[in-house]
């Protein structure tokens, strides 16, 4: 018994120290922080180790659209255009582009760009890459609108869409639109084992279940990165990522747990970077359900949720109020507060009574079995209980969750959506085009919204498009088929001598530009 | 030594013949200080679970969330602190015992009954039955039990009932094995031959002779397995396959509290200690029971 | 002896068939859609149908199983849904890490547990005995993921002695191995003690003492070898569990082993991977049992005689 | 003749579950060079404990030697150093245990187990020890080719031969044989006894033979000591004790075995059971069962007295000293067997 008590005291003491920001605790980590890789002799470190929460499934960008994969492949491949950290379109492999007509865009490629295998990038590679993407079921959903890709000359390529598409350029910034080396991809049956792109880092090795090692590409068109070796290390547990950062095992750790922010910030050897992401978390209602089909019921639920408390409980306060719209603040057409739902339990009860449920009802809430879902589901369960709705939480693995919710087995569900353009966000959430698996899991269909979406996509007048998006937001905020709750913060912790790192709201941060030391 | 054993056993038998088996076991158990300690700890936990409603307001302390008092350290008001949504940890641990213990007992009861029957049939029945049953058990044994439970919960979905089934199924093979081997040992003993000789039928032999004699290893195995079961429930919850919120359950408390361990050590530490104490007490009791039920095994 | 080994290996076949059938059944009953896993978060219905057909998911259950067995007999366990690499590649990329972890844990458990158990038995009721039995009891009672978290906190986060995660050399092996060995160490200590206590009271130990042998010779030469069988059995079982059941420790320490791979595969409903992993585990489990049986013969001539 | 082994006032207790079992109570016994002494008594009389005490093999816990002295070659074994004791064990005093089935280590070859003791005490090489061990096997009638075989390949009688070979391997001065034939069947018993007799003659070894079989004693021993409840109640040469048993217990013991010359057709077993060793009677330990017991017997412990007119015949009984002797008893003693 004594032993337990003693060890508890030790643990308590140690925790207390850690909590204080580590006056004593960090002293021990000092040597590690100065030189995690033990390259004590060399003046500047040029090896960067990045801790990521999920292992990539591929290093070929054209197989599957998952964040784990894209966070790595974005370093290996460049796209025609890119978004900078402030979400402005910047030329990358395309030096410039002309909009020929509503459906045709001409890209003028940067000359003399080398692939990692030494070949020069040409219009043929661009055409091949985009067609390869369109042919791949796992990544093509954003590009099916492309009808033709024409090579004009070696350095000019023309993309034709079947309908006007104002957000084409944004979509071409996504990793699924990565430009791969045609020669390399055609010569090997397993491009995934030896990917060749023209990005700032080239593929070196991938131990299955272990580290992925990349090396600086010395002939990178924008100049070689000062980071010569880039290692991605999968550490699924957020607390372990923080510890790895503290012990100096890694230089950068993605997606720290909100509860660790204070500790990391208080540590003089470490620093944090945070930004608002394009990821919006929401609770959705299956409108095909007889009870949830009633607008008043959905509104009543909205009134029952105290978003501030929800953000405190679920995100430890590190998220922004989603302001009743699925659009995140930096997206074009963001129009908050068109319709608002104050936290008002009495009003919620009244609306329920109006809908015919004065004593509430029971329903299911489908969530995945990851921490954030668990915290959120418990908070939602409690919130809805206040107006008399009994929530049964159904927690399941990701695959089951996605499948069940796309079939509409659920009543309520909690989920997130990340997007960098208004069309893909609104279309995925509220359009008939995307019922079920493609994103519309509330099965909410209003023909008017679909029309407006198409119109906004086709128009070249961005003010008109903004206006249309605003109207759509007004309708969906009134109907609340889903209630947006929070816009997640993206965060990264790093050693304080890591400089130049920029967070990218689309979650796939570019390492290029990062350097260690001054 | 031989001399010693003969003397002591004969005298003990002589003097205590009048007392029932139960009283004898109890008396031996009482002399084992560790087992008594285990029994006391377990009783405290069980009593707390039974009278949980008198101790705490379930609604107010174990379920209702309160963002203003989240992650409060232990204090006079909340003895073991509050969790990430402002619930009292002590109250949740006490109510958690209401889940962990009954579920663990139930799984073992199911496993013991099914495993016991299978083992008895295998041990007492025909060679074919024995072969079929034991080969199937071998197959189940070749799959690690945690993984079997994970697969079953993943298949059936996570709920108390499915958790129960999953853990029970993965516990069947050891019971079947134990009973089978006891049955085979006992079956070959003379008193069974004697019973057969006087024309007792199989059922009577199984229920009147074999099962009571196989009870001792069964009870010991059951006590140990309850401990294992408490751990399995916690493990599955840790992997996100456990009992669903807001039901307080130790494993999920541990797993939820885990990400706060550095800022709020109490959230994760106390449920861990609750699990440890429960398992410890069950193990102590199991050891004591084994010694008490079968003095020959002692030392 | 060889015949015995061959016979035992032969007996593996029905076990593997049975195990694969059980797992195949469980996996096909599991709700959830492997195609979703195959295609990622966003895809169209046509893509879904096409992949479904490609993967043969539309065939009846028994046909799928028969196809699987047929291919497996030719050494082809198929490709995983999630990475599309051959299942064998995926498994054997991670199996060494698991073996390393399980081996280190077993080594630690034996190196510490056996001496503790022997001392406890020889000096029964002494302070050492009581202390090591208490440690052993705590060892079996502690949830090992909890122990792992505490160790990370103490030795990695606050003292920075060992890395908290990953598999990068000896140092990173220490914490997970200790965590994983806690249970086996406790079990082996208890098993060694009780087995030694039983043996030490045997007549032939008295014979050995009556010969005038030193107590150390009596304990190590005469008692320990006889006590080995239960010790080996429990050590082997622990190793088997560690090979397959180190899921929690692998999760806590981000160890790239097959336990974690299997849990992920189950959650993702990656049937070929789950099947492959379970088969590998079943084979290792059986092989370990076989090794245990062979070791029995090494320690006990009576057992050896039975194998002829 | 010198006393080779002299046990004085040996007291051994077993402490279990809060009870104290009085196994040996102030026992004294001598053994001379080359002599064979039979130690006879019922199961539980403390014979084995006595023998184990000589080599301090009583399992501790629960056994404890509470007092007394055991002189061997002038040295008190109970007070000597462990290392000296070890050099006596198996070398100068060796022991044959009751159950040959369990007294050999199952995991070592029989040859090794014999060679082990030789190598230990004779400071010789492995090869020499092996050669000698093979000789010993041959001596007890086992072909040396079976050196590498394991105990499970031997029958009970053969195992006991191995045990005997082991015990005589270092030419000990004393062999303590604890019911060496009890576990064997009758024909094997005779062979083993004969073997022991031969070896004893050949090696001039003293023998302490523990048995409950008076016939065996008569066949092998020079003297006999009768043990009851942890005490020697009567001892003397074979003719002294066998022809004129004087202790009521001994008389009873002879009454309970059939003899060829017996006229009566009925055996007369001794009534009752041995006293509970945890609660010994206040007086003579045999008094509760003794048909001749008087008040004195129930309250006082009798001392040891020499029977007048006999050289070594001693007994622990009040009866011979009574002023008014018990007629029946006197009659029985006088008649003899």
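In order of appearance the chains are A, B, C and D, and numbering begins at 1 in each one.
Simple rule for what comes next: contacts are C-beta pairs under 8 Å (C-beta built on N, C-alpha and C of every residue); 3 or more make two chains touch, one makes a residue touch a chain.
Nothing here was measured: the structure is a model prediction, and the numbers come from that model.
By C-beta contact pairs, the most connected chain pair is A-C. Here C is the chain whose Cα centre lies closest to the centre of all protein Cα atoms.
One simple way to say how far apart two chains are is to compare their mean CA positions; for chain A and chain C this gives 37 Å.
Between chain B and chain C, the centres computed from C-alpha atoms are 22 Å apart. Centre-to-centre separation of chain A and chain B, using mean CA positions: 45 Å.
Put simply, the C-alpha centre of chain B and that of chain D have 51 angstrom between them.
With touch defined as above, residues shared between interfaces to two or more other chains in chain D number as follows: 59, 99.
Shown for chain A are the residues that touch two or more other chains, namely 4, 11, 15, 18, 239, 242, 369, 396-397, 400. Multi-chain contact residues of chain C, defined as those touching 2 or more other chains: 30-31, 124, 138, 149-150, 153, 157, 201, 203, 206, 251, 266-267, 269.
Residues of chain C touching chain A in their complex: 30-34, 36-48, 50-51, 82-85, 89-90, 93-94, 97, 134-135, 138, 149-150, 152-154, 156-160, 163-167, 251-254, 256-257, 261, 266-269.
Across the complex, chain D meets chain C through its residues 52, 55, 57, 59, 61, 86-91, 94-95, 97, 99, 102-109, 116-117, 120-121, 150, 152-153, 163, 166.
Of all residues in chain B, only 1, 135-136, 138-147, 150-152, 154-155, 157, 227, 231, 234-235, 238-239, 254, 258, 261-262, 268, 272, 275-277, 279-280, 283-284, 299 touch chain C in the complex they form. Partner chain B is touched in their complex by these residues of chain A: 4, 8, 11-12, 15, 18-19, 238-239, 242, 257, 259-260, 262-263, 309, 312-313, 369-371, 374-375, 377-379, 381-382, 392-397, 400. Residue ranges of chain B in contact with chain A, taken from their complex: 63-65, 67, 70, 84-85, 154, 157-158, 240-241, 244-246, 256, 258-263, 265, 269, 273, 276.
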